[in-house]
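Some structures are shown below for you to check.
Note that chain A is present in both complexes that follow, paired respectively with chain B and with chain C.
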Partner chain A sequence: MPEPSGRTLLYAISATGSDEEGDGTLERPFQSLERATSAVLALHRDEATGQLRTLTGTHGFDLVCVGTPANRRSVSKERRFSYYVDPELVGADGDGSERAPWADLEGALTAIVGIHREQGSNGLTPGERIHLRVHGLFAGGAIERRKQLVERVASAVLAVVTALIVLPLVAILAYLVAKAWPVLSADFLFQNPQTYMTSGGIWAPLVGTFYFVFISLAIAAPIGVLAGVYLNEYASENWLTRLVNLAVLNLAGVPSIVHALFGVGAFVLFAGLGRSVLAASCTLAVMTLPVIITSTREALAAVPFAFREACWNMGASRWQTIRTIVLPNAISGILTGVILQVSRAAGETAPILFTGAVFYVAVPDQGLASFFPYALNDRAMALSYHLFAISTQVTGVSEGLQYGTAVVLIGLVVSVNLISIIFRVYLRSRKKW
Partner chain B sequence: MDPHIAFRDVTVAYGTKIALRNISLEIPRNQIFGIIGPANSGKTTFLKCINRMIDFALGATVEGQVLVGKEDVFRTRNVYQLRRRIGMVFPLPVGLPLTVYDNVAYAPRMAGLTNRGELDGLVETCLRQAALWDEVKDRLQQLGTKLSGGQQQRLTIARALSHRPEILCLDEFSIAVDPVTTMKIEDVLIDLKQKMTIVLVTNLVQQAHRLADQIAFLNGSRLVEVGPSDTIFSEHPASQMTFDYVRGNFG
Partner chain C sequence: MRHPITHRLALLSEPLVEWTIRICGWSAIFFVFAIFFFVFREGAPVLFRDLDLKEFFTSLNWRPDSRIQAQYGVLALLAGTASVTALAMALSVPAGLGAAIFVSEFCGRPTRETLKIVIELLAAIPSVVWGFVGYMVLNPILIWATGAPIGINILNGGIILALMSVPIIMSVGEDALKAVPDTYREAAIALGANRWQVVYKVLLPAAKNGLLAAALLGIGRAVGETMAVLMATGHSVQIPQSLLDPVRTLTATIAAELGETVEGGAHYRVLFVIGSLLMLISLVVNLSADLIVKGIRGKQNA
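And now, the complex of A and B:
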C-alpha cells in the first residue's frame, strides 16, 4: 500500500528493482512510470461506479523514482516535477500547470507518462519525483497555501505587537504598586499631607484633583456637546464652518503648557479670576473642549443619515429629529468622549501650574468640611502637581509616598477609562439597528 | 376642479446635471397618478419636489413652481406643515430605531398628538392599511429595525399614513415586498384614493396599469407624455416612445 508522506500518497518506482511487479512501496517499487500510473488508477477507481474517488484529506500523489529499492536517501534529494489536476474544473483542459490544471486524473496520468517517456527507461531517472496535486474538495493549491500562511503570519505579528502594547502598562502598574505597597492604605487616602509633606496622606490633593476635573468638565462638556451638535447637524458647509473645524483641530494639538500660558493671560489676569480653582478649571476646559467637540461630532455622524431623512419626511423639524432620534442613539459615544477627558484633565500638570494649583495648603481633614476644603477663588492642591512637588521639590520624602501618589493618580485614570469602556460595551449591546 | 398638485415649468438640476427639464403637469384630486420611466429619468426628483426633500440634496437648484393646492411649495412659510400634508415612501425601507408602535406614532407625536387612546387607534389603523397589523400586533413594543425588509417597507407606508396626509407619494414601494402583500397594499391604495391623492412612481409598468387613473411617462429628464392610463396603454399613445416602453421593447 502507498505510504503517506505529509498529506500526499507516495508511490515508489525503480527500474532496478526485483523482476516481479511491486506495490509501490519503497521496498517493492513499481517497475516503470507507466505501470505506476495504471496501478494508481486501479487503486483509486471505485469498483461500483467506475469513477475515481475523491481524495479526502490528501493533496495528491507523489511518484518517486528510487535508484534501488528502499533507498530513502534518493527520495529526499529529489528533483521535482509538479502537475495539477482539478476535478471540479469546468471547461477546457489545461496543460497541467498550476494555473491551467488538467480536468481529470486519468487524462493527467496519461499525459504525465507522455511527457516523461523520453526521460529514461521507466520515465524517470533516480532521484526524480513527480508530484501530482489533486484539487479535491478539501485541498487547496499553492496560492491558497500561501494565503493561509500569510494569514497565520499576519495574525501572529499583530498579536505580538498588541501584547507589546499591553506589556509596558502592566509593567508600569506592577512596578508602581510594588514600590507603593508599604504606604497604600485607607489612611494614605484620607489623611492630609503632614510635616512639610514628608508624611501623612494625599487627601487634600486628591480632593483638589476632583475639583479641577469636575468643574472643568462642567464647563467644557455642555459647550463642547452643543457646539458638536451644531457643527454636525445644522452648520452648512461654508468657509466659516471650515474655519471652525480647522480651529478645533488645531486647538486639540496645542501643547498643554501653551494652554497654561493662555489661561494665565485670559482667566487669571484678563478675566480677573486670579490664581484660583475657577481659573485653572477654565484652562482645563479650554484644553479638553476640542476633543469633546470632535468626539461628539463623530458620535452624531455615526447615526445613519437615512434616519434623519425619514423624520424630515414626516414633517419633524431638525431639532425634533435631533432630540428624538439622533441624540438618543449618539449619547453613548458622546458620553464616552466626555468621560475620557476626565483622565486627561486629572493627569495634566502644566495647565493648572500657573493658574490655580498650590504647592501646599492646610485644609480640614475631619468631617464634612474635609470634602469641600476649597472655594472657587481659592487655590487648590492637585495630585499631579503634588506628585511633582514631593518627587523633586521636597527633600526627605519616602519613596513609598511618591509611588503611592503615582498609584492613586494612575488608578484614578485607569478606573475612569474602565468605566467608560464598560459603559460603551453596555450601550453597544443595546444598539438598535 | 382645481388640480391638487401642479408643476409649472419646473427644472431641477444637481450642479450641472439636469434631472428634470421644463416639467408642466397637473395631478387631479383623489386619483392615483402613476409615474413611469426608465432609471435616471427624474422620477424620484419629481417626488422630492412635492414635499421639498429636494432641499436636502446638495447643490440642487429648482426653477419654476410646484403648487400643492394653491400654495407654491418653494415659497411656503412652514415647510414642516407642508411635509405633514404629504406622506412619502421611499424605495429603501428605513425603520427608525424605535419600537414598531413608536415608529408609527412618531409623526403624530411630533405634530403634538399625545392622547394615548387616539394614538393607539391611529397606530392600528395605519398598520392595518399597510397590511402589517396581523404580523406585528403582538410585538408592537419590539424594535422596528428588527423587522424583516419587507415588513420595514410596510412600516414606512404605515408611517407615511400616520400623519393623515392629503397626498401620498410612493416611490417603488413594492421593491422589497412579496407579490401577495403587494396586492394587499394595492387594494388599500384603491380604497385610500377616496381620501387622498396618490402619486405612484413605479418600475412595474403593469402595476401602473392596474392602479393609475393617469400616467406620466418620463424619459431622460423630460416629460414624454401624460394622459389617462387607458390611452397610455392603448395601441395609439401620443408618442411611439411610450408605446415601446410600456411593451418592454424600449431602447
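And now, the complex of A and C:
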C-alpha cells in the first residue's frame, strides 16, 4: 500500500531487484519501475468504468529507489526527476515538463517507464526518486506557484525585519538588567551618591526627577488639556485652527537641544528664573505640551456628538456641557496622555542640561527632609543627567552603579508607559458607547 | 425669575472660561514663535556682526576656543549630522516600513497588538539610555567586530539612531497604510491578487506619500537627537572617510560646549545660531511631512 508523505503518495522500488514481489512499501519494494507503474495504475483504476479515478487531494506520486534493507528507512528528499501530469488538460499532450504536462496519468506512467528504460535499469541510485506531480482542478500553474512563493518569501522577510527590531530591544534590556542585578537593592534607591558619585545610590537624582516631572506636569497639564478642548470643542475649520494644528505638530518635532536653548533664552535669562528647578520644569512643560494636547484632542473626539447635543437640548451652555458631560467621558483618554507626558519628561536630558540640572549637590538623605531636598530656585540632580554624568564624565564609577542607574531610569519610564497601556486597554474594554 | 447665585456666577464666568480655553489653544502657536524668537535673539548679535556666513557654512575649522583667532565653521559638524542620519535612515527606513507592512497586513491580531506595545515601549526608552547603550554596550562589540580602535563612531551612532527612529517611522507608516481605503484591498483581492501583490501593487503606490512622510519624520527625529549621538558618535570634528570614523554632530556640539561658554560671548552666541539652524531644519522637515500627508488626504476626498 502507498505510504502517504504529505499529500504525495510514496512507492518504493528496489534498486537491486530482490526475488520477492513487494507491495510498494519501504520494507517490501516493487521489483522494477514497470511493476511499480502498473501497480499504480491498477490501484487507481476504477473497476466499474475502467477509467482512472480522479486523484482528489493528491499532489503526486513519488517513486523512490531504495537500496539494501539495512538503509531503506533513510529516504532522501532529493528529487532526481520531476514530471508533471494534468488530467484536466484538454488537447495537446506535452513532454512531461512543467510547462507542457502530460494529459493523462496512464500515458504519463508509460512515458516515464519509456524514458527510464532507455537510461538502463532505473536510472536511479538508492535514495533518489522520480516525482510525478498531478495537477488538480484548481491547482495553480507555474505562475500561480511563483506568486505564492514570492508571497511566502516576502512574508518571511518582513517577519525577520520585524524581529530584527524587537530582538535587539529584548536583548539590550536583558543585558542591562543582568549587569545591574547585583547592585539593585533598596539601599541603591534610598542612598545618596557618595565619594564623588563613585559609590552610594541614586536617591538625590531620583527625587530630582520627580521634582522635574511633577512641576512640569503641573504647568503642562492644564494648558495642554485646555488647548485640546479648544481644538476639539471650540475651534472651527479655519486658517487659525490649521495654524494651531501645525504649531502643535512642529512643537512636537523641535529637537530637544533647541528646547534647551529656548529654556536658557526664555526662562533662565529673560524671565530671570536663573538655572533652577522651575526654569527646567517650564522647559520640559513646553516640550511635552504636544503629547497632552494630541491625546486630549483624540480623547474628546471619541465622545459621541449626540452626548453634546443631548446636553445642549437640556439648556446647558457650551462650557457646562464640556465640564459635566464631555470631560468626564473623556477623562480616561486624557489621563493616558498625561501619563505619557510623565514618561517623556522623566527621560529627557538635553532640555534640563543647561536650565536646571546640576552635576552634583549634597542633599539630606535622612528623614522628611530627604523627600523635599530642593527648593524651586535651586538646581537639582536628575536621574537622566546623573546617568550621563556617571557614564561619561566621572571616572572610577563601577559598572554596576552605571547599569543600575540606567535600569532604574528605564524601569521608571517603561512602567509609567505600561500603566498607560494597561489603563487604555482596560478602558477600551468597558467603554459604554 | 431669579436664578440661584451659583447659576448666575456660572453664567458670568462662562466668557472667562471660554477665553482661557482660547488662549491655551493658541499657546501652541505662541510657543513655536517664542522658541524661534528666544533662540534667535541669543544668536542674532553674532550673526549680524562677527559671523561670516560663508565661512560658517563652508569652513571645516571649528576652533571656538582658539585664543588667537576663533573660527566657527560648521561644515564638519553638518557632515557629521548628515553621515550619522544617512546611515540611521538607511537602516531604519526599510526596517520601519517593512515592520509597518508586516504589522498592518501580514500578522494576526494578537501579534499586532503585542508588537505595537513593544514598539511603544521602544519609543519610550529615553535617549540618554540609548546613548548609554551605545557607549557601554555597542562600543566594545564594534571594537571586537570591526577591529577599529574606538567603537564610538558613525556606525555606532547610526545603529543607535536607527533603533530610536524605527518606532516613529513604523507608526506613521502604519497609519499611512491604514488610511488606504479597504475597497482598494478588496478590489485587488477580487482580481486574484494575494497579500504580497496587494501590498506591492496597490498599497505601496496608494500610500507612498504617507510612507515618505514617515521617512521624513524619522529624519527629523534623527537630526534632532542629542544625548544619544553625544555619547555614541565620538568627538572628532572632521569630514568622515569611513563608517568607523568618529564624528561630531550639530546637536552634540551644542550639548557638549554650551556649559563651558561665557554667557553672551561669541562662542555662546554661535551655538544659538546653530540652534536656530536646527530649528529651521526641523520646521522644514515637519512642514513638508505635513504637506505631503495633507496632499493625499485632499486627493482622496476629492
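Everything that follows uses one rule, which is that the second predicted complex is superposed on the first by the 265 of 433 C-alpha atoms of A that agree within 3 Å, B and C clash if a C-alpha of one lies under 4 Å from a C-alpha of the other, contacts with A are read in each partner's own complex, and residues count from 1 in each chain.
In this section, a residue touches a chain if its C-beta (ideal position, glycine included) is under 8 Å from a C-beta of that chain, and two chains touch if they have at least 3 such contacts.
It should be emphasised that the depicted structure is a prediction, and the values quoted were computed from it without experimental measurement.
Aligning the two structures on chain A places chain B and chain C side by side, free of any clash.
Residue contacts after overlaying the shared chain place A:Phe307 against chain B, while chain C stays out of touching range.
Residue contacts after overlaying the shared chain place A:Leu427 against neither chain B nor chain C.
Of the two partner chains, neither chain B nor chain C is touched by A:Ile115. Once the two complexes are laid over each other on the shared chain, residue contacts for A:Pro255 go to chain C alone; chain B is not touched.
Of the two partner chains placed by superposition, only chain B is touched by A:Ile325; chain C is not.
Legend: residue contacts after superposition of the two complexes on their common chain; A:Ser317 is shown touching both chain B and chain C. Comparing chain B with chain C, more residues of chain A are touched by C.
When the two complexes are overlaid on their common chain A, residue A:Ile223 makes contact with chain C while staying clear of chain B.
Minimum Cα separation between chain B and chain C in the superposed model: 8 Å. Comparing the two complexes, residues 317, 320 of chain A contact chain B in one case and chain C in the other.
On the chain C side of its complex with chain A, the touching residues are 10-11, 14, 17-18, 20-22, 24-29, 31-32, 34-35, 38-39, 41-42, 94-96, 98-99, 101-103, 106-107, 115, 117-122, 124-129, 131-133, 135-137, 163, 166, 170, 194-197, 199-200, 217, 220-221, 223-227, 231, 251, 254-255, 258-259, 263, 271-272, 275, 278-279, 282-283, 285-287, 290. Chain contact summary for the complex, chain A toward chain C: residues 147-148, 150-151, 154-155, 157-159, 161-162, 164-166, 168-169, 172, 175-176, 222-224, 226-227, 229-231, 233-235, 240, 243-244, 246-262, 264-266, 269-270, 286, 289-290, 293, 317-320, 343-344, 346-350, 353-354, 384-385, 387-388, 391-392, 399, 402-403, 406, 409-410, 413-414, 416-418, 421. Remark: chain B residues 51, 53, 56, 80-84, 88, 90, 92, 94-98, 106-107, 110-111, 143, 145, 156, 159-160, 162-163 touch chain A in the complex. Only residues 304, 306-307, 309-317, 320, 324-325, 328-329, 432-433 of chain A touch chain B when the two sit together in their complex.
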